[in-house]
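Here the structure is laid out as structure tokens; the discussion comes afterwards.
For reference, chains read A, B and C in written order, and residue numbers begin at 1 within each chain.
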Amino acid sequence: MSSIAKEVIVSRRPLGSSLSRWFGKNLIRIYMALAFTYLFIPVAYTFVFSFNDSGKSNITWQGFTFDKWLNPCGAPRVCEALGNSIKIGLLATIFSTILGTLIAFAIGRYAFRGRSASNLLIFLPMATPEIVLGASILSLFLVLQVNPGFWPTVIAHVVFCVSFVVVTVKARIASLDPRLEQAAMDLYANEFQTFRRVTLPLVAPGIAAAALLAFSLSFDDFIITNFNSGTVTTFPKFIYGAAARGIPAQANVIASAVFFLALALVIIGQVVSRKRKVY
Amino acid sequence: MADSANSARGDLKLASVTKSYGDFTAVDDLSLTIPEGSFFALLGPSGCGKTTTLRMVAGLEEPTVGTIHLGSTDITFTKPYQRPINTVFQNYALFPHLTIFENIAFGLRRRGIKDVDESVNKVLDLVELPHLAQRKPTQLSGGQQQRIALARAIVNRPALLLLDEPLGALDLKLRRQMQIELKWIQKEVGLTFVHVTHDQEEAMTMADTIAVMNEGKIEQMGSPAELYDNPKTAFVANFLGQSNLIKGTLVGTDGDSLVADLFGQKISLPRSRSHAADSSIYAGIRPEKFRISLLQTSTSGNLLSGGKIEDVSYIGVSTQYQVMMPWGQELMVFEQNDDGVAPFRIGDPVNISWEPIFTFALRGDEDADAGTEVVPEDLDEE
Amino acid sequence: MKKISTPYLLLLPGFAFLFTFFVFPILSLAQVSTATPISGGDVGEFEQTLRFRNYLEAFLESREHFGRSLVYALLATFIALMISYPLAYALAFKSGKYKNVLLVLVVAPFFTSFLLRTVAWKQILGEEGFVVPPLRTLGLISESTTLTSTAGAVIIGMAYNFLPFMTLPLYASIDRIDPRTLEASGDLYANGFTTFRKVTLPLSMPGVVAGTLLTFIPAAGDYVNAELLGGPNNTMIGNVIQSRFLIPDYPTTSALSFMLMAAILIIVIVYIRKAGTDEVV
């Protein structure tokens, strides 16, 4: 096995010297170290510069300070933007998870006329560039004489989140053994009880994963938000707007905090699911 | 919840049941009565319709034509949860998100029974796994999961327990042990068991009555001994154990016996074991019923002479021989290694003899190879 | 026949939503794309003139950006694939008990804001970052050479930003491969490279298809990387659509959007057909 992987990465063999043999043996480790360095450089940079004793712009290192961490809302409007992002994210998550889960059950569970057309309708928003999606939704709101703002943004986010929810939940439903539901029916559970006691608990992890995905997509979205949010500022929009004149270090503080919070949530989730060892 | 269908008891009767999927007929005009309290096996190769039959009885499929009765109640179209029938599923289908205790209590709770502790603990004792009540199914071994699946079904005291290849996922040794245990539990709880399997040995070990199914129809039904000693079709003769089928012609009678001509040599067989339609037959003899003797030895009973040992396989308790007959057919012979005689060697010229009572006769227009194909152990059939 | 209506009931709310806020807008985009502004009318007032010249004009005006978008997106997708495949392979087969930890680490960088990471790259590679000045001091690059405002920076930026969309589907499909099939291939006289070409790669193809699509589609329509990491010569079709929408010149913008979408859909469909898999959806 190890020789296969080695040769996948470099198709040349160790030349025989101990150095090249060491290199060949550890190539995969070296590669992973490099890849992870590449992945984490901007994250580390953002984190380090959250301690920069900078003024309005945060480009060069001015000295170390905890001030920005103690006062993350210190920069004008940054916390307002964060609050908007969280509100929009939560609403978009709730709506897209409900709509997407219903669709996933229909497509994942039933054979019906129009099933492949339904799959296509779910695929299309994912295949549409964000800029086209954002622009077309905005033009609808303009036609309807609705001003861009908070709710138009939520709606636009739901549009692109639904498909990802459907795909995620559908995968979970597909991996479900149909015999479990048959066993429940066999054991005197009617259709509703079967759904409530067996199907739903088993699909729940997929729904939770889909909700997390929807939230992170919504929270991080800029392009579609930029079209539909009007004067409402979200966190990505705040950064984009500030990028020209200098991003305050508070943005780094908030981004780093979000990073560690998300990391902690994922790790806790992993530990809990391993402890329960359910699936 | 105790509506009329749910409290039905009695024999299970399938009347002219057919199940088609488009052009494909999985079960073809099947009629069958399974007496209350029996251990009944549906035996057949993959795709023979046995699992479909089981699923129709469980309520997981609806027959295209025909009716299913339990006692006097028609259950053909009642929902699975409205039938007093429980199933031990292939690969068990234990709920992975519930503890063993809650898995077993599932059916009781759905029927609105509040106090489940006593019943669950009793059935856990019966399957000898009371210490696993609070575990999750994934923490159990295959054999343990199998017993829990059984416990989860029998705790409901159903009128009928269906077992769908229940031992298929276990290794051979565990399978043998569970066969004996299942038989014991069936006696202990006194329920009707309907057992679906493609393993003829498993069916013979456990069932009182076996129905051999092939291509959606029942080939023959009876006790294990009846099926083995007196098969009615080539399929049954070959699928249950092994058989030597020799082409021949009925030429006369002799009291209760029939006389047949097999490639110029006369043999006799009991009239009660002939299923021939006319004079053209296949004479069937099980390999262990044959005796091999050197040419000069005198023998009684039926005798076929002019054989030659082609192949010898020594397998401990017995030795298996392939004997080439003058008409170009290889016969299989199992000899017990109990007489201290040195085995025959390849090339030895021999005669083959047997007691006439062990001969059966099948229709001469049958496919002599029916049921001999190697059956893939495909557990996810149908 | 109760069973038949259930799926439609489940689909109803979601599809009603998608029809209103996805299908209808896209159709109205198509409608506007052949319209002409009413002379003397308000901004955003058009009449339908079936003026298909809008497409030709839009295309001729921005064919350069179109071409650039496709080339940049293809290169970014290719780079992301080259980075992700060994990474996903190592995660699936080489990470042992650290598999879950490493998987979290692959996703973790993307918990930080996409824009902030892009800005970080801009500053790291920028004039005052910690890469350019040392290189200048060592004389490895000339005073006039920059790392940002280049096509390379835009492409690398996109490859970086869309990396999880590549790595995760790849990991999912490589992880499903039974390692015994690789051993069997070795047993049947295939060397490491042949095993990869004849067994690993074909088996991971669904992941490759899904990953490349999920990277290519957002990359082709992106304008943020071009704006932050690129210069005036690196603008993509997204930048054009974005800027024209603000003028506003809806008919040509709509025509551009529609062409972009059509181009991507055609590429996607041809690609899925060629790759011979429908496991994407």
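Following the convention adopted for this analysis, contacts are C-beta pairs under 8 Å (C-beta built on N, C-alpha and C of every residue); 3 or more make two chains touch, one makes a residue touch a chain.
Because the structure is predicted, anything quoted here is derived from the model rather than measured.
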| item | value |
| --- | --- |
| Chain contact topology (line, ring, star, complete or other) | line |
| Centrality ranking, top chain (CA atoms only) | A |
| Length of the line joining the C-alpha centres of chain A and chain C, rounded to whole Å | 15 |
| Euclidean distance of C-alpha centroids - chain A vs chain B, Å | 55 |
| CA centroid of chain B to CA centroid of chain C, Å | 59 |
| Chain B-touching residues of chain A, taken from the complex the two chains share | 177, 179-180, 182-190, 193, 197-198, 201-202, 276-279 |
| Touching residues on chain C, where the partner in the complex is chain A | 3-4, 6-8, 10-11, 13-15, 17-18, 21-26, 28-29, 32, 44, 83, 86-87, 89-90, 93-94, 100, 102, 104-124, 126, 128, 160, 163, 179, 182-183, 186, 191-193, 195-196, 200, 213-214, 217-218, 220-224, 228, 238, 241-242, 245, 250, 253-254, 257-258, 260-261, 264-265, 268, 280-281 |
| In the complex, chain B residues that touch chain A | 1, 58-60, 79-81, 85-87, 89-91, 93-97, 106-107, 110-111, 136, 138-139, 152-153, 156 |
| Chain A to chain C touching residues, read off their complex | 1, 3-9, 11, 28, 31-32, 35-36, 38-43, 45-46, 49, 59-60, 98-100, 102-103, 105-107, 109-110, 112, 115, 118-133, 135-140, 142-143, 155-156, 158-159, 162, 166-167, 216, 220, 222-223, 226-227, 235-236, 239-240, 243, 247, 251-252, 255-256, 258-259, 262-263, 266-267, 270 |
